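Next up: some structures, all given as structure tokens.
Here come two complexes built around chain A, the first alongside chain B, the second alongside chain C.
And now, the complex of A and B:
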């Protein structure tokens, strides 16, 4: 119950934050612009729109997750609002989970709005060519769903950094770095395979498994080229995401529990 | 015999500061007992360890050593916080909420039901005089208003123990009086109040007992009249329309005289000279604006105390 109270309050805080609307505005602008860009090509308009649209949803989603995520705890500490909250009858982990769920709620609403934006643009495109809006590729929703799972992972990571770093900018840099590396893990594995030394191979492998494999959540290319995304793939990737999130939240909780709020 | 509400046993906190982990003792072996229904003032200069103590009692930081019990339960028991009201030092709250939303949020954390909560919010807003600001966002509040809404949230759960960290700091004289009255009213309701301050008159006027904390150590506990002996340093008389002859006479007697903008301030080093000087001023048709005994400041009081301890 208390988790829910914190979650709703966090959601309220986020929707009263101007940064959210700025990011959402630019995301929708980008998606809208894809319609203009598409007119430059012949025959492949919807592919261009889907490509730009999904990329925009992803990038702006990550920006929202990082910028609001790192502030989740560190802002409470910087603004000293945490003193009063933690003086109430609520274990610290509940506060942490509540904050996380609150931000997820915000991100889910945003991603849905961006998704609907993309859908509308695609529908307009179909209508322009005299086709039915039923022609819009339904797989975009699968891609958006996986983007959402990726954002959940990124938010958890941002939250973890914000539980022990007292500077927001440092947390932002760490999270962005991990996000970028998270998309390059496949390359790390390939490097490991090419190495001769067994120890080094082991180290590289360990790093590979510790880092989040965010490319798992990237099916944008497949949607654009109409390659099928099986339900089994969706479920497995979801499970991977949830597992990773649980571990990160557990770690965050342990760090947060031990912390002194001077 | 009243039951003990707060008890600490050798409570100690050592902070590690900087990369090299320099150790700084913020609080050393604090042994303290606060009884039920008492107003206990925790007095000390800035950096004495008052906030550190309160933060340990509330569970924001962990003791390095020692133990403490609140309402009979050892520190770390989350459930006991249901019976505690807390106002942090300088109120930092979610400023995007309105007064009503703010109180509702805290009420919900205590698990208050909707109808009960609504009634409680109304009562508290009236009590702290913020009824008209019920829908105003906290970011638009003045410092005094923030302090008042802070007190309202500390009382939302009908606490038995109220811990206030510097409740009167940054308030004007009227604001301070309101807080003092409120503290006395809460005592009448049978609540125990523990508050910290660095201002002597605050504790003199309301506290049943005072603890003096200096450099992380409790140096004295007792009734305010017993342990606070801040001396009157001098008496300042402010007069206008005074004739020069009297001033010359006063200077000759060794008084410090200072003229500013038509008013004259006369400082008498000795209380016994007051009647004589007032008589003289009246006879010279001077108008007395104010007579204020100037006490030692807290810094001077503490310096004296520290000096006594060293010697």
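And now, the complex of A and C:
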């Protein structure tokens, strides 16, 4: 119950944030512009629109997750409102989870808005060519769903950094770095395979499984070419995301519990 | 006084903005199309670029693709320029290996516009590895081998390969069969070109194909007229003065229309028929 109150409060606070609207505006602008860019190509206009649209949803979603996520705790500390909240008879982890769920709500709403924007642009494109709206590739929602799960992971990571780092720009840098590394894990694994030493191989493998494999959530290319994304894959990746988020949140809770607020 | 000063500074914005605009225009004058294409030469290899895109390889591929197709088909693009366009499309298809249209358009433009069937085939063969069920890709390789590389046997092989893939047009098996039998026949080439024309969306490529179609028509007509000239010689034991003689003596009904709007004439020095517009006879079909 208390978690829910904090979540709703966080959501209300987040949707008052100017950064959110700026990012949302640019995302929708990008998706809209894809319609113009598509006129530059020959054949398969919808490919360009889907590519740009999904990439925009992903990039701006990550930016929203990072910039709102890092401010979750540090803002409370800056404004000294945290003393008020933590003095209440409530475990700290509940506060943390409430904050996280509130932000997730914000991100889910935003991703849905961007997704609807992309759908409308694709529908306009189909109508321009005299096709039915039903021609719009329904699989884009699978890609958007997985983008949302990826954003959930990124948000959890941002939240974790914001529980112990005193500067929000530092948390942002850490989160962005982890986001980048999260997309390069495949290469880390390849390096591991090429190594001779067994210990080194073990270390690389450990790092590989420790880091978030964010590329799991990337099905953007497969959606464009109508390559089947099986329900098993979708549920497995969802499970992976949920497990990873749980660990990150657990760690955040442990750090947050021990933190001293002076 | 202070207010006046502020006002003056604000007024300065207009000329400065204008200068920015004018300098940019000057810079643009120095960026010709060659430079735009040369940028493709500096593209990193697709294999190295792919990890750098952090999962946005389709987006990066699209940007390179959009830039490449803007210069494809421009008249000033030299044969060297097409090497760089090949380079760009190679990167695009490494980032986005299922982008069938990039192979298709690249395949046609590199051969018909760039006269580089070797690069065209390289790109298409890469596409065949990644997309094993697309009939157009082996179809285009077959065309290159037939029309540009004179390799009729392998052309027929690729054609029959294409005719085994799903979605192939009904004429394809027939065309493959004719290729085996009548490899050097301009009519087969015309049929081929007409199909290629139908398969292409790009206007520049279409007009290039139209040019080729007309050239092959010239070759076909020239062969037909040479045949008539030879019959004339067999009958009268001397060459005709001009092609009109053939009609007058009833060997042919009429002289075919030259597709470029010119006329055909008989050159007595090498006893061959030429078009007034296309000065050279096609090498591919010249040999018998």
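Heads up, the rule we're going with is that the second predicted complex is superposed on the first by the 262 of 262 C-alpha atoms of A that agree within 3 Å, B and C clash if a C-alpha of one lies under 4 Å from a C-alpha of the other, contacts with A are read in each partner's own complex, and residues count from 1 in each chain.
Criterion: contacts are C-beta pairs under 8 Å (C-beta built on N, C-alpha and C of every residue); 3 or more make two chains touch, one makes a residue touch a chain.
These numbers come from a predicted model, not from an experiment.
K.L.:
Examine A:81 and indicate which partner it touches, taking first as chain B and second as chain C; both and neither are also allowed.
P.N.:
first
K.L.:
So, A:90: does it touch chain B (first), chain C (second), both, or neither?
P.N.:
The first partner, chain B, only.
K.L.:
Between chain B and chain C, whom does A:51 touch in the aligned arrangement: first, second, both, or neither?
P.N.:
A:51 sits against chain C, while chain B stays out of touch.
K.L.:
Per the contact definition in the header, classify A:12: touching chain B only (first), chain C only (second), both, or neither.
P.N.:
A:12: touches chain B, not chain C.
K.L.:
Scan A:129 for contacts with chain B and chain C and give back first, second, both or neither.
P.N.:
neither
K.L.:
In the complex formed with chain C, which residues of chain A make contact?
P.N.:
Contacts found on chain A: 37, 40-44, 47-48, 51-52, 55, 58-59, 179-180, 183-184, 186-187, 214-215, 218, 220-221, 224-225, 227.
K.L.:
Can you list the chain C residues touching chain A in their complex?
P.N.:
The touching residues are 51, 54-59, 61-62, 65-66, 69-70, 96, 98-99, 101, 105, 201-202.
K.L.:
Please give the residue numbers of chain B that touch chain A in the complex, ascending.
P.N.:
Those residues of chain B that touch chain A are 15, 55, 58-62, 78-82, 84, 86, 88, 90, 92-94, 96-97, 101, 105-106, 108-111, 150, 153.
K.L.:
If you look only at chain A, which of its residues touch chain B in the complex?
P.N.:
1-2, 5-6, 9, 12-13, 16, 79-91, 258, 260-262
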